[in-house]
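Letters are used for the chains, namely A, B and C, taken in the order the chains are written, and counting of residues starts over at 1 for each.
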Amino acid sequence: MSPLDFLFGTTWDPQIAIRADQVAAKGAFGAVPLFAGTFLIMLIAMSVAAPVGLFSAIYLSEYASGWTRAVVKPLLEVLAGVPTVVYGFFAALTVGPLFRGFFNAVGAELVGGPLDGLGLYLMQVQNQMALVAGAVMGIMLIPFVSSLSDDILNAVPQSLRDGSLAMGATRSETVKKVVLPAALPGIMGALLLAVSRAVGETMIVTMAAGLQAKTTLNPLDTVTTVTVQIVTLLTGDQEFDSPKTLSAFGLGLALFAITLALNVVALRIVQKYREQYD
Amino acid sequence: MNLNPHISVDVQHAVLPSRAVKVRARDVNVFYGDKQALFDVSLDMPERSVTALIGPSGCGKSTFLRCINRMNDTIAGARVEGSIELDGEDVNDRSLDPVLLRARVGMVFQKPNPFPKSIYENVAYGPRIHGLATSKSELDAVVEQSLKQAGLWNEVSDRLQQSGSSLSGGQQQRLVIARAIAVRPEVILMDEPCSALDPIATARVEELMDDLRQSFTIVIVTHSMAQAARVSQKTAFFHMGKLVEAGPTDEVFTNPRDTRTQDYITGRFG
Amino acid sequence: MTDAVLSPPAAGQADRNAAIAARLKRRRAQERRFRWYGRAAILVALSFLAILLGRIGLQGYSTFVDYRITVPVYVDPARVDRADITGANYDQLIAEAVLARLGERDDEFGRTSGKLRELLSNDLGFQVLDIVRADPAKIGQTVSVTGPVGADAGLYFKGQIDRAAPESDRKLDDQQLAWLDRLKADGLISSGFNTSFFTKSDSTEPEQAGVLGAVVGSFLMLIVTAGLAVPIGMLAAVYLEEFAPKNRWTDLIEVNINNLAAVPSIVYGLLGLAVFINWLAVPRSSPLVGGLVLALMSLPTVIIATRAALKAVPPSIREAALAVGASRTQTVFHHVLPLAMPGVMTGAILSLAHALGETAPLLMIGMVSFVPGVPGGFTESATVLPVQIFIWENASERAFHERTAAAILVLLVFMILMNLAAILLRRRFERRW
């Protein structure tokens, strides 16, 4: 197995083939679908965490009274302290069945109508859709995004806000036109750190995402991720044969490289940003 | 003859016959939480002239200035009592939106605070948020005129798209002044506008003030006696939250009525 | 009155003010909307927290109550062979004793007693076996045993099996439910606080599974983690902050420590698998190897927290100590470090609390195995709380889900206690210079 096939192969099927006509006699280890799945779930997670976390941070730093901050910030820290295995449990046993029930019910309504095909599809949606793992991961990342962004917004000098308010801008205009543009690099850094967290997150996806390697952007599809595959390759009852172990370590190395690169870039940006207002 | 007990020292001596009153403060008391920062301040600020507020540090000059455009609203726990009228209209009236008030009363701060945007966008900021320019060319004209009036046009006309923070401190302060006058306010408040500038830049801003007072009413806080004497027509001396003395600048400097004023301007304390 | 005449606003200004005022309503609406977005975001975040914790509480609280049955069993000498005490089918004896009380007769295939056995835990059978083994004279007598009802029967008593549902959709049929009702009415069933959840370890039978083994495992593992990460992290931080020269290398190390703190935890698991298990041959699944991996993972955070605490000690203290002739080392270890200690401990406790909840790296080093007992030492196979949660969540029986949630509650209680300890420590020693 060459590293190139590994990194750019598009078929992932680590089971040893039972029939001769299956993909490869020794299983296929093309990691592209895993990265695609990781990417999809990360995208869903960020589309939950970025707006909610950012708006929370804006409200906390620009509007909230001292009292509100004193109550809300520790509560968000609780959300941040909940172990990921707990989020995984929540995703697998609460959110999964809930979403599935919802989509199945919507599907049942649509069947027979003009959207019959969509209805049939929705009726077959599984608990392990990307949306479930992504949404719960998004919840997990909310406090991460909000506390980082809060720090960054607080580093924007008050004199800029005063300048804008004294021009007759409303608070929201001040935030949108002065504070956010000033904080933009820092916030980008914070979001990158969150992306790195999402990419490396293991338990939620292991418990709530599927095992089917697919290259898709459909949030209702079942996808698998790099971390899920590392876990499945290295645990479970299968014999500990060498291509599996090797590819697990290969995936781990790739994961490490990606997250490290994200962190280096993100921390650089945040650092630069801080220096600008020191 | 003055029978009105509310009328203070200031009004009795406000002999500036040629100027109408633009901003009129009566019995202004300001509290930060339990702490009172201003005590019964009454002061008239004449139209199209420079009024200087002087006094030792912590005496409440900035606090008084911030009452005029209600910037104290943005400080948690700050409370303002008394009346401040702009053209006879109470600025603390609930029907007057502070947004509109601040469009009419601009402010320049101690440290230049250009927004992290281009020079052009800095000056266009006010007209944009208030919707004062209907077309790009109109906005261009406003920006150019404001920069010219602030005496900055010649230095920046060829680099309007550069960041405002790339300018020198003195240029930044003039940029901020251009930003303030771009919305054509009626009053401009300046809180120690030259304290972060070198003497040459200070001289430019002082010249600028002299020009600006042809069209605007200016209230300036300064720690420099010389500056107050040079730029202002009226001077008010604050001490420990109280207005001690106010009158035409010449009179206050040459013939102060109160010994505290005398001590302060001769440098005996402060 | 001698008031000076107020000037009228200039005509152009009046127009301009009108133009601004005309837009004000829209801008104010925008402002309100924006403020509501912020409020809504916080509301959403907090309601997620409430739903998450509320749901887990609701799923888990019923575990803390259990239903027990007390059965007098006649240990029939015809059925229990004195020579082969362990060979007897005690579960069947018990089931028949209960059937007799219910006035039912078994059919020739044992179907009725089979259905009844589904309602009882095999723990009862083991209890009778233990009694008989301890005292073979009990054979031929009637002994009374008390033990948990079966997992599904427990769910029924807790109201989690819907009687109205079609019989085929239920784990228990109508007859079994009727039996349970009668047993309860006859006073054979009692309920109370589920102590066995805290005194037993993992089991294949949900009604007998407890968290003791996992709690002990977590405790052993944290001892290893704390014993390694705290002293090493602290010394590394002291060196970097107080002694290391400021050059390219220390800068590089500094940047990388921050980066390491953000490396996914599963990568530490892979590292542990390769280094500790394959290379150093530390026993798999043991608290020792788990603790080693988590210590690696916690090191960067401990270092960062310690350096922050050291930075917070004002230089005047160092200068004062140096001025009275203390050496650099004495200054740091006698004066600076003691002052920084509360901050260091707070940071250490917080990172240990984080390690306590960590699961992913432990899956890599074989901690997912079924461990029925309490681990006796650092090198024995063990499981830990978060992994126990993961294992139970994977089980198919519904009764395990309840226990999963309960185990989460236990884990959260430990984490809350640790965080409280950190907060108290911070409050108690908070110092302002």
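Heads up, the rule we're going with is that contacts are C-beta pairs under 8 Å (C-beta built on N, C-alpha and C of every residue); 3 or more make two chains touch, one makes a residue touch a chain.
Worth saying up front: this structure is predicted, and the values here are computed from it rather than measured.
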item	value
Most central chain, Cα average position	A
Interface ranked first by C-beta contact pairs	A-C
Between subunit B and subunit A, distance of the C-alpha-averaged centres to the nearest whole Å	51
Where subunit A and subunit C are represented by their mean Cα positions, the distance between them in whole Å	23
Subunit B-subunit C separation of Cα centroids, rounded to whole Å	61
Multi-partner residues of subunit A (at least 2 other chains)	168, 170, 173
Where subunit C touches two or more other chains at once, by residue number	20, 27-28
Numbers and ranges of subunit B residues touching at least 2 other chains	99-100, 103, 129-130
Subunit B-facing residues of subunit C, complex	1-9, 12-13, 16-17, 19-21, 23-24, 27-28
Touching residues (chain side subunit C, partner subunit A) in the complex	20, 27-28, 30-31, 33-35, 37-42, 44-46, 48-49, 52, 55-56, 59, 255, 258-259, 262-267, 270, 273-274, 353-354, 356-360, 363-364, 366, 368, 386-387, 389-390, 393, 401, 404-405, 408, 411-412, 415, 419
Complex contact set, residues of subunit B against subunit A	69, 71, 74, 76, 98-103, 106-107, 109, 111, 113, 115-117, 125-126, 129-130, 176, 179-180, 183
Footprint of subunit B on subunit A - complex, ascending	65-66, 157, 159-170, 173, 177-178, 181-182
Touching residues (chain side subunit A, partner subunit C) in the complex	51-56, 58-60, 62-63, 72, 75-76, 78-79, 81-90, 92-94, 139, 142-143, 146, 168, 170-173, 175-176, 193, 196-197, 199-203, 206-207, 227, 230-231, 234-235, 248-249, 252, 255-256, 259-260, 263-264, 267
